[in-house]
Amino acid sequence: MIRRLIPHPLLSIMLTLVWFGLVNKFTLGNLLLGAALGIIIPVLTAPYWPNRPKLGRPLSVIKYALIVLWDIIVANVQVAWIILFKRNANMRSCWITVPLELTSPEAITVLAGTITMTPGTVSAMLAADSRAILVHCLHSDNPEADRDRIKQRYERLLQEIFE
Amino acid sequence: MTVVDNTLIIIALLPFIGALVPGIMIRAGRNASAFFTAVPTALALTMLLLHAPAVLSGEVITAEIEWLPQLGLTAAFFLDGLGLMFAAMILGVGLLITLYARFYLSGDDPMGQFYTYLLLFQGAMLGIVLSDNILLLLIFWELTSLSSFLLIGYWKHLPEGRQGARMALAVTGAGGLAMIGGMLILGNIVGSYNLSDILASGEAIRASEWYLPALILILLGAFTKSAQFPFHFWLPHAMAAPTPVSAYLHSATMVKAGVFLMARMWPALAGTDAWFYIVTGVGLITMILGALIALFKDDLKALLAYSTVSHLGLLTMLLGFGTPIAAVAAVFHILNHLTFKAALFMTAGIIDHEAHTRDIKRLGGLRKLMPVTFIIGTFAALSMAGIPLFNGFLSKEMMLEEAAHTDWAGNPYAVPILATIGALLSVAYSFRFIVHVFFGPVRDNYPSKPHDPPFGMWAAPALLVLAVVLIGLMPHLAEPVVRAAAGAVTGGVLPEFHLKIWHGVTPALYMSGVAVLGGAILLTLHAPLDRLWLRTPRPEAKVIFDRLMAAAVGLSRRITEITHDGSMSRYLAIFVAATTVMGYVAWSGSGLPLPSRELLPIPPLVFVGWICILLATVSVALMHRQRFRALVVIGVIGLTISVGFVYLSAPDLALTQISVETVTIMLLLLALHFLPKTTPIESSVPRRIRDGVIALAAGGGVAALSYTFLLRDMPSISEYHLANSYKGGGGTNVVNVILVDFRGYDTYGEIIVLGIAGLIIFALMEALLNGPAARKLRNADYSQDRSRDRHPLMMVIATRVMMPVAIMVGVYIFLRGHNQPGGGFVAGLVISIALLMQYMASGFAWTLRRQQIEYHSMIGSGVVIAGLTGAGAWLGGKPFLTSGFDYFHIPPIEEFELATAMLFDLGVFLAVLGAVMLMLYSLSRIARYAGETVNIEPMDYDPSKQVVMDEKEK
Amino acid sequence: MITAALIFAFACFGIGALFCLWRIILGPDSADRVLALDTMVINMIGTLVLYGIWQGTAVYFEASMLIAMVGFVSTVAYCRFILRGDIIE
Amino acid sequence: MNHWIIAPVVLPALLAPLIGFVMRHDVPLARTASVAGTLALMAIAVGLFVMSMGDPQVYYLGDWPAPFGIVLVLDRLSALMVLLTTVLAFIVLIHAIATGWDARGWHFHALFQFQLMGIIGAFLTGDIFNLFVFFEILLIASYGLMIHSGGRERMRAGLQYVVINLAGSTLFLFALGVLYASTGTLNMADLAVRMQEVPEGEAALVRVAAMLLMIVFALKAALFPIQFWLPGTYANAPAPVAALFAIMTKVGAYSILRIHTLIFGPGIEATHGLPGTWLFPAAIVTIAIGALGVLGARRLMPLIAFSVLGSMGTLMVAISAFTPVATTAALYYLVHSTFSAAALFLMADLVITRRQSDWLSARPATVQNGLFAALFFAAAIAMAGMPPLSGFLGKLLVLDALRDPGIIGWAWSAVLIGSLVTIVGFARAGSLLFWKSTSIAVDLPPAPDTGEDAPAPSAAEIAARRPVGVAEVAPTMAALAVLGAITIFAGPLTSFLDGTTAQLFDREGYVTSVLKLETEG
Amino acid sequence: MEIVIASTVGTLTAAGIYLILRLRAFAIILGLALLSYAVNIFLFASGRLAINMPPILNPYGDAAYTDPLPQALVLTAIVISFGMTAVLVMVALGAFLESDDDRIDIEEPATEGPEQGTGKGEAGAS
Amino acid sequence: MPDIAELLITIFIVLGGAFGLIGSFGLIKLRDTMQRLHGPTKAVTLGIGSVLIASMIYSYAIEGHFSFHEFLITLFMFLTAPITANFIAKAYITRKVAKRELPETGSDYGWSIYDDPPIVENEEQT
């Protein structure tokens, strides 16, 4: 019953927060309205999100978020450096395959997103059976190391969070 | 002298009323049809004759009904001597023709139809001669053209009939239209379309500077109708009609309408040099030419037709003389010609009916086989030749007498000599009719063995011949009629005259003698002359007319097909070029006030936006052939414009622009999926230059216009909107209050446009999927070179979060629209975009199956909600779309506003959402028809599910 | 100081937009054009946010948010068109 | 305030969605609703017509005063046009139902009602931008009706129709932009007031606005040189739709009449003489094009379409004079040409269904050849302006009204020669269709050897052999009957139109009514 | 700024017109889209240009606002032209699917097909 | 106005502008499409992030109220950027990269744009 009324509790909370982001003013009326919408909208969209992803270990989530945030900043400085100062001739771009242990679609998505937002890599696509991810490196002297870094730094944490 | 009697109207209408009866009893048989045709005719004739004594004694009977007073058109009729004579002729001969046709036509012919046409025609003719209003006269005039078209084409399976009918219609119709012009001018000069007024204003008319055009136009009408040179050619071809028609139309009535008109208008138009030279000249030529051709025609009806042309020329010439006594002669000859010519046509008809041919060369010797017919035909022909003791002689003598006294541009001999030649030829063909048909040996090779017809068929011509002889012997019998009619022609004053057989030895007698003698001699020389005639090259009027007609049709077709060839780009080029030129013309007709606004600065960022939009626009134009590429660049333009709207204080516009833009691009991409991906080069360089020049001119014009007004201020009514938006409309977003309140009616219309668009697209999709396009779609292979992942996992997952957020944004934009940028329309689009995201992620079919809403109903309810919200104001006695709003405070929640405008906006929202989704639905249905698979899972492959399955397998 | 920074940032985003325009018009590949358009959208959002700071108003926020949202959707649609031809199937 | 004024807009606007979205699977119900709605509309129109006899009545939408909100104005002209529309609509609707046209595709009745809403709204509005909105409604509905039931030729012609009208709508907006930029108002009465204040030497912008608007309306009225769209559209539209479109060209004519008497009227210095000067030659050429098209036509539908074009030319010649007398004539001719075009198209539909071809060629005579010939004859003489039907009176009125020495020669020649050529063209066509056809033996299909091989007759063939029923032919007859009635009652009608014209040229009266001015000025 | 708007409107118009004069439906759709941009800006500009004066009433003060009316008109125009474009796209697609190309021009059949009647008619003859 | 806030605002604005410019410059400078993809996805996104942070500080420090608005835009950007990049990469690969230029997936199935996904039961065809 509750599961049908609130199919995705996290989503409901997030939507209520989004509502505050939108109205940009904290009032009781807005809280009520935001909460109401936060409950109604997931019910309406529930058919499109049939399963509820398991999400464990809030601490790991925060840890992961901080790591990624830091990496994003680093990534940007790195990429900016490459764009500005590296001669195109010296650029060694390559493709790498990252085999995946993850099976949760949510986890795979987060990993792929992370890869894209972090140093010198862009996730290009998945294998047809989602067991590997194709990554493009802007400049890499050692592709194997990059692949290992992805697996070590992100995939393991994500496995903890999602499974 | 003038007596009002409304029975005149009944007389005029009787044939039309009568026409209904045979029309209804179309299958009732010949006797019934003939009887019910004869009844109204006879009734009208009787009523007419009851008026005869009064009219002959000089009274004029009138009647009128108001019809279109603003135009000066009244249903006014009058009966004077001329009218009486003609009306009696029309009805009397009509009666005879009714009788004759009953026997002449076969049982297979649709008699009801025939008699209907006949009565229509009779009514039209009667109308002409009784009209006291020239506009009314015009109406009847044109009606004779139309009804004779039907009569001539009566045997519709015969090409000659159809062609003859069309030719007659073209020629007499043209004349009729010219006459309309002439009559309207007359009306203008006189200030009234009343015929009596016009006839009384002859002086003024002849003095007017518009006299000559009016005269020419009216004469064109008369000449075409009366088959005067050079319009004579249609008459013989009208002979394709059944003989009763020829007898009626082409001897007694229709062709005389032109003569009647000249006689009728005589007091107003005659008596000038222009009248004399045109009318007399044309009459003379026609008389001689018609007679000459008649002499060499082998077809009996053709001979008679050309003789009619000739006699009509004679009449015209007489009227052209412009003297009262010539008018008397004309009137008398009208009467005489009627009697003998109708009899002759019927005779020809009888011969055709019995011998199954009308070819003179295959006839001869009928005197013994058809004695009755012989007598009738011979008497009538002798009258036509102008032999004494027959009525034709009398009027012809008068004609020659008048001709003898007429100078042509100072030359006293031209007219008499030519008139004598005409008479001579007339004698020749009349004799030929008698000699070559009735005399000579009896043949043994007639197509059918001829004998006299039943009494019913020869009764009518016999009656007419009786009149021929009676008038010929005792002309004073006809005198009252002729006097009354001629008096009407000349306007009352007639010189002393008497109709009598012997006038003494006059120039006319000599001329007549010469004519008879010459005619006889000519006939003896007929065989060699005929061979000469056949060898002589001469213009064949029908061939010329046909060629002209074919040329006209061909030319029209060429012009039409060249100009309206379906070339859209040219249509548009002309449209744009014309608009630009006309705009410039309008512009250059006046000046401008001085500029009153200061220019706003161009900050660097605006400059960047400017470059973006200009470059993008130019590149779309230049590389539009790469369609996808063009769509991407269009995206830049839309984006830049949105940001520009933000900069220029129009946030609502920016929101709307960007969301509409996105949905539009979606639609275009969906459509482009089926369309070719590139546009071939098809237009030549000069064409592209031409288009470029037009485009630059128009663009320059628009730029100049906008620059002009941007520099100048103007007072606007929107001060009121700014002042009353919050007070009267309950909202601080003035644009939104205008949309849902001040001009909510526009918005109502706008969502209806969207609703209709949804309907059309759905209807179109259904039509396509049930039409030939469906096969094409099914056979088309759209899957070449396609990526294999259709519903990528990442997109699906991202959408699961994004879509609820986007819906939230939509709700937010809807709720705040009245006071801040936003509103129902943008909200509808945002939610559509949110749903679109879901469709792109998991496919339309998968998504739709999980959806509770039906788009059709959504549009409908949106439109209805908006409409009912508007109509709700009626409950308070207020006009449609009057809004109400109030502020509520329920502690502890802060104060909030509720407005009916929001309900209206909800209607807008629903209509927009429904329309957009229905469009997408329709396009995607077409795509699915093209053999695309439908997924049952939200994403291509869900690795987590597979794990579960793997475990199960274990 | 903020003003100077704003002017600098405006210039950056403006020049950035022109770079994007360059790629959009010249390509060479369709993917480049789509990428450049997406980047241009982001540049425009940045500009709008900066403009909000400049004018001290939040009125332009909705526009930025909406542009971000629809920018994403249209980019995906363009790509799907390249990939599959049919953007919703 | 008289709430009935809005009724003819709201009724179809509420009915259409119900038909389109609720009753879309139930054809009989949709038909009933559509007929009932149209009848009700006609009743309302009659009521409004009666009410319109006094001063113009104004409906202030949203209870906002003019010129700030949108107003509807019921005067004699708008009432007449609304009545005309509803009568025509009823006739066409019955035809569409009786012949089954409405069921050959989706949403006919909903689109039909929306179409009526758009047309009526355009006639009633007193706001220039709202006029644009209702133009769009009537246009988009007409797009749907135009391509109703699909098919290759119709789709392609429909595409052209849509494109040219979208170009026209764009121009309309440009014109409105210029107009608003130079006057700052949208209410027609207010525009009329402000236009009087524009100094003669500073009128470049409003002159452009006046001209562009005229071109927009001339496009709808299919005037040279922007008439090209009409023949293709009308010839390819479903016949009842083409018959309904007879009123659409009139919307253009109406708008020119309204805008260029009220706002840019004869007394306005700024735009003095501008409209008439250009309309007149354009109308003359339009007559010529129409006449040539009729004469040269190879097919029946284009022939009729070109005759409609010619009649628009005649109508616009009369309008271009901008005098009361000529306007009365124009209005009479407008009523006439609407119904004669409708009669022709409806008749053509019956004939083409039976001939299974609209080519003007001899084919075996169809059933009821005589009936069709009679209908054709009547409708053709009406359209060509031959007596006894109203076309002749209309033509006389027009000719009589155009006596200005500067134009009389051109106007009279064009109108008279135009009708001659038209009647010859019609005669040629009728003789081919109904006379020559009787000379061709009906070639019956050979007797089937085996029951299996004989192809079953298609639906079209079955329809072709079936004689028309009363319901099918009644609408055509009704259109002709209207023509007969306006012929017989030409006097009373014309005196009503005189009043209409007087009101139309009474700018002060209109302005006073709308802006509720107590005293003039 | 005024020259920016004027030139933008002019360029969009010119490009739009050039495109609607092409021979393929798709180019015409693009052209009409550009024209619609042009006319929207034009109509918007008829209220004159103003920077940072959105017509959102400010409860705190006596602010200046730009003319809101043209904005409302443009909104209506945008929505209408969206509906029109959608229909146009569908009709163009329909026309394409029913025939073999997306040409905008129509070639009239010069004669009645051989299977239909004699076709010769009485053409020019009367 | 507190100086520290002003300084922060200035720094974030300058950073934002710089990153935005560098990211866009990458579009011009880098040689192939995949390389170019790196610039916008990272640098420009971070640039916007900086600007948004500046905006938030600005409204808190200078206008005196905390603004959540900017979070939303940031959320959108971070959620969408990887998806966008992913799609653009696939679009590029499908057009311009040969299958053999890519490394193996290491599993039974190839990359998703070339290979159909493993067949799951109940797949239906229409």
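Order of writing sets the chain letters: A, B, C, D, E and F. Residues in each chain are counted from 1.
In this text, contacts are C-beta pairs under 8 Å (C-beta built on N, C-alpha and C of every residue); 3 or more make two chains touch, one makes a residue touch a chain.
Worth saying up front: this structure is predicted, and the values here are computed from it rather than measured.
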Those chains which touch chain F and also touch chain E: B, C
Comparing centres built from CA atoms, which chain ends up most distant from chain F? B
Give the label of the chain whose average Cα location is farthest from that of chain E. A
If you tally contacting C-beta pairs, which pair wins, B-C or B-D? B-D
Rounded to the nearest Å, the gap between Cα centres of chain A and chain F is 12
Between chain A and chain D, what distance separates the C-alpha centroids? Give it in angstrom. 62
Whole-Å gap between the CA centroids of chain A and chain C: 22
Can you work out the whole-Å distance between the CA centroids of chain C and chain E? 26
Sequence positions of chain E contacting 2 or more other chains: 20, 25, 28, 38, 40, 42, 45-47, 52, 54, 56, 69, 73, 76, 80, 83-84, 87, 91-92, 94, 98, 104, 106, 122, 126
Quick one: which residues in chain C touch 2 or more of the other chains? 10-11, 13, 15, 17, 30, 34, 58-59, 61, 65, 69, 72, 76, 78, 80, 82-83
Send over the residues of chain A in touch with two or more other chains. 18, 22, 24, 112-113, 125-126, 128-131
Going by the contact rule at the top, pick out the chain A residues touching chain F in the complex. 17-18, 20-22, 24, 72-73, 75-76, 79-80, 83-84, 88, 91, 93, 95-97, 99, 112-117, 120, 122-132, 134, 136, 138
Along chain A, where are the residues that touch chain B in the complex? 11, 14-15, 18-19, 22-23, 27-29, 32, 37-38, 41-42, 44-45, 47-50, 102-106, 108-109, 112-113, 125-126, 128-131
For the chain F and chain C complex, residues of the former touching the latter: 6-7, 9-10, 13-14, 16-18, 20-21, 23-25, 27-28, 33, 36-37, 39-40, 44-45, 47-48, 51-52, 54-55, 58-59, 62-63, 67, 69-70, 72-73, 76-77, 80, 83-84, 87-92, 94-96, 113
If you look only at chain C, which of its residues touch chain B in the complex? 10-11, 13-15, 17-18, 21, 24-25, 27, 30, 33-34, 37, 40-41, 44, 47-48, 51, 59-60, 62-63, 65-67, 69-74, 76-78, 80-89
Please give the residue numbers of chain E that touch chain B in the complex, ascending. 1-30, 33-34, 37-38, 40-42, 44-59, 65-69, 71-76, 78-80, 82-87, 89-94, 96-98, 101-102, 104-108, 122-126
